[in-house]
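Next up is a structure, given as structure tokens.
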């Protein structure tokens, strides 16, 4: 077995440098690597390109990095819950590349799977298709999209083992397994870290081969963006 | 009387086909889940990674790890399954989800839709909408017929950046049910209760085919 | 919930007709849909195009269909364990399209995922690349491969529920989840069929949306191709 | 004396790097797993869908659902994981597997390899070999230096249909360890115990660089 454990978030993020490209798992505030984001704020790493489906909210998630102006460019599909984001984007302080959510996911998977490019119908006829090759398959126009990779992919899992195998919980899975495949170095922060052999090999979502560093997060706040409930 | 959001959702619920998978967008479309007709089995896919979405949780039973694409806390029904984003859009792009219901800022008479960006003013992003409209067999738009200034959102041509081209099949608004004709143009199918054809025509900038007597929607619960 | 249960293998294969294209899960004899293959032999369906990683052995798996000359064309990656296959292929009775295993898997996934074509380095400079577009990405030549789909995808799972959700066991997973995505009609035969709600939604490998028909197989022989053991 | 298959496997085992993932082909490569040097952690990937492959099972403990790519019954070690074929080749194509060891019928001096087809005679198929050789950073071939007729399998150019071009980095045979030079041509690195440079040259059809004194392999267990 290849041991992937690092003692803490500081060790997990050794080598993250100004100007790097990071992928960060999560959908909204669900399943985001909170411990790593907090550490990135502390590290004051600058000029980051962040690939993440959303940009957090003003006071949590990637919003924390935006407040500190550590992000040069965001590659996302939906950024609607963040005023500071909108301000930086409309003022031109922040470069933004908005891409369809499915293309974002598939481009990350492609990056991890050694597929340099693929055709998709999503975005044909829109701004997203500008400058991209268009080709018809089965009578339907498709555009050519390229793989995305990152210097570091930073993901959050529910359980992990010392071999780097990961299990996600419910919809906190989202982009995490996909991005885990696409990092030159993939860092996983987990709620519970167990010895190899404790996870059922049939139930693992992300094989440890995709993970270079794993640690148990100190604290998971797990903020809820839209609390919706019904009465008993 | 023009419909409210719930009325629009109720009317769209009548479009649900038995044994199909459906993706509901944020806003009015989400409400459709509350009005599934009796005897119709549908399963709702939420693109953040769940099939078999259930109602909101009871107080203090919410789970931050279980949300829908609108970031709302939800529950999971028997038979539910969670999956990652790449698999989620494999379902969507691969046409395993038969119906998409989504909101729009503008719809044009050739079935174009715009709902993600107002240049220089508002840029929320397209989320999964571009993938959804590029792939689903059936796409129904749920929206108000006019904007806050009273201008028609049913247009000859969209003025805003597009989300998808030639994809919308039907539009359900507070005033009417419209079909996008294969050759282009809208056909008026139904009127909201008490709304006249003339009112609909006045609120519609696009060419509108009115053929024969246009029935009122029936919105029995 | 959408109920996918059919009472038996006969109902599961209603509509399988001469000349159709079938995908069949399994690797060697591991994880193959044995009940469905036996029924195809009984149905005497002819001129089939079968997409399957292997072609079984002489007396089991797809070898049974080969013996009855029900297969017109095989699309596989490795067919080395079947004398009758080799005879039919070398005599020209059987059309054979051999493709790299990873391209086979990815082409099936692409078929299920609405990706009409993608680039891969596998097979560049070989017979496999003949007639295919070559394009360089990052200085490395790749070939364009297209999606595969099938009239019926027939897979075998360990457990399944009435909603069509599937769980596979160990390496009997192999091509099954991938092909399950790519059938116009996907048929799943399972060892154990349970009511919806009995499977943990975190542990499901194939979401039921990909499965149109599910049934509990009557009998699983599970032949072992190469029994290798060590002494205590 | 020329090496036997076990000797070849032992010599290749010395090439294993700490903390790497390795795919072993059918035949001699499979034997490499038995000779991992002390202090070296490697994990074996089998392309049918397992990482963390263990030894063969004890009698009556075999499981038909747990096999390797050679269709042999195996066991799983602590930390093992199962996955589907698309994910398996995502690992391979995505270069997450650092080393591939596989057999060959022919290897050429520009690093081409042929191992899947003899036109008109034998067609087993390429299995995962084409994906593996197109993607792994390091590719080592394990084979006999000559075929059953005594003809060299180390060639200027392959005569059989190729599995991959310009991909082989090293060849370990019963006679020698050869490196494929970046500019083309083989360089003799080591001799099998008791085998002379002249014997190796005689068995090698390709151009062979012999530079200085060529050491014997050391094959301590």
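As written, the chain order gives the labels A, B, C and D, with residue 1 at the start of each chain.
By definition in this document, contacts are C-beta pairs under 8 Å (C-beta built on N, C-alpha and C of every residue); 3 or more make two chains touch, one makes a residue touch a chain.
All figures in this text were calculated on a predicted structure; none of them were measured in a lab.
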Per Cα centroids, the chain farthest from subunit C: B
Pair sharing more residue contacts (C-beta pairs) when A-D is set against C-D: C-D
Distance from the mean Cα position of subunit D to that of subunit A, given in whole angstrom: 36
Whole-Å gap separating subunit A and subunit B, where each centre is the average of the chain's CA atoms: 28
Whole-Å gap separating subunit A and subunit C, where each centre is the average of the chain's CA atoms: 32
Touching two or more other chains - residue numbers and ranges from subunit B: 50, 76, 82-83, 89, 92-93, 135
Residue numbers of subunit C (touch at least two other chains): 106, 109, 113-115, 120-121, 168-170, 201-202
Each pair of chains that touches, named by its two labels: A-B, A-C, A-D, B-C, C-D
Of all residues in subunit A, those that touch subunit C in their complex: 106, 110, 113-121, 135, 137-138, 142, 146, 167-170, 201-203
Complex interface listing, subunit A residues touching subunit B: 27-31, 53, 76-81, 86, 89-90, 96, 98-106, 108-109, 120-128, 158, 168-178, 205, 222-232
In the complex, subunit D residues that touch subunit A: 19-21, 41-43, 45, 50-52, 76-83, 87, 89-97, 135
Interface residues, subunit A side, partner subunit D - complex: 1-3, 109, 111-115, 161-163, 165, 181, 195-197, 201-202, 204, 207-210
Subunit D residues within the subunit C interface of the complex: 46-50, 55-59, 61-74, 76, 82-86, 88-89, 92-93, 112, 116-117, 120-131, 134-135, 161-166
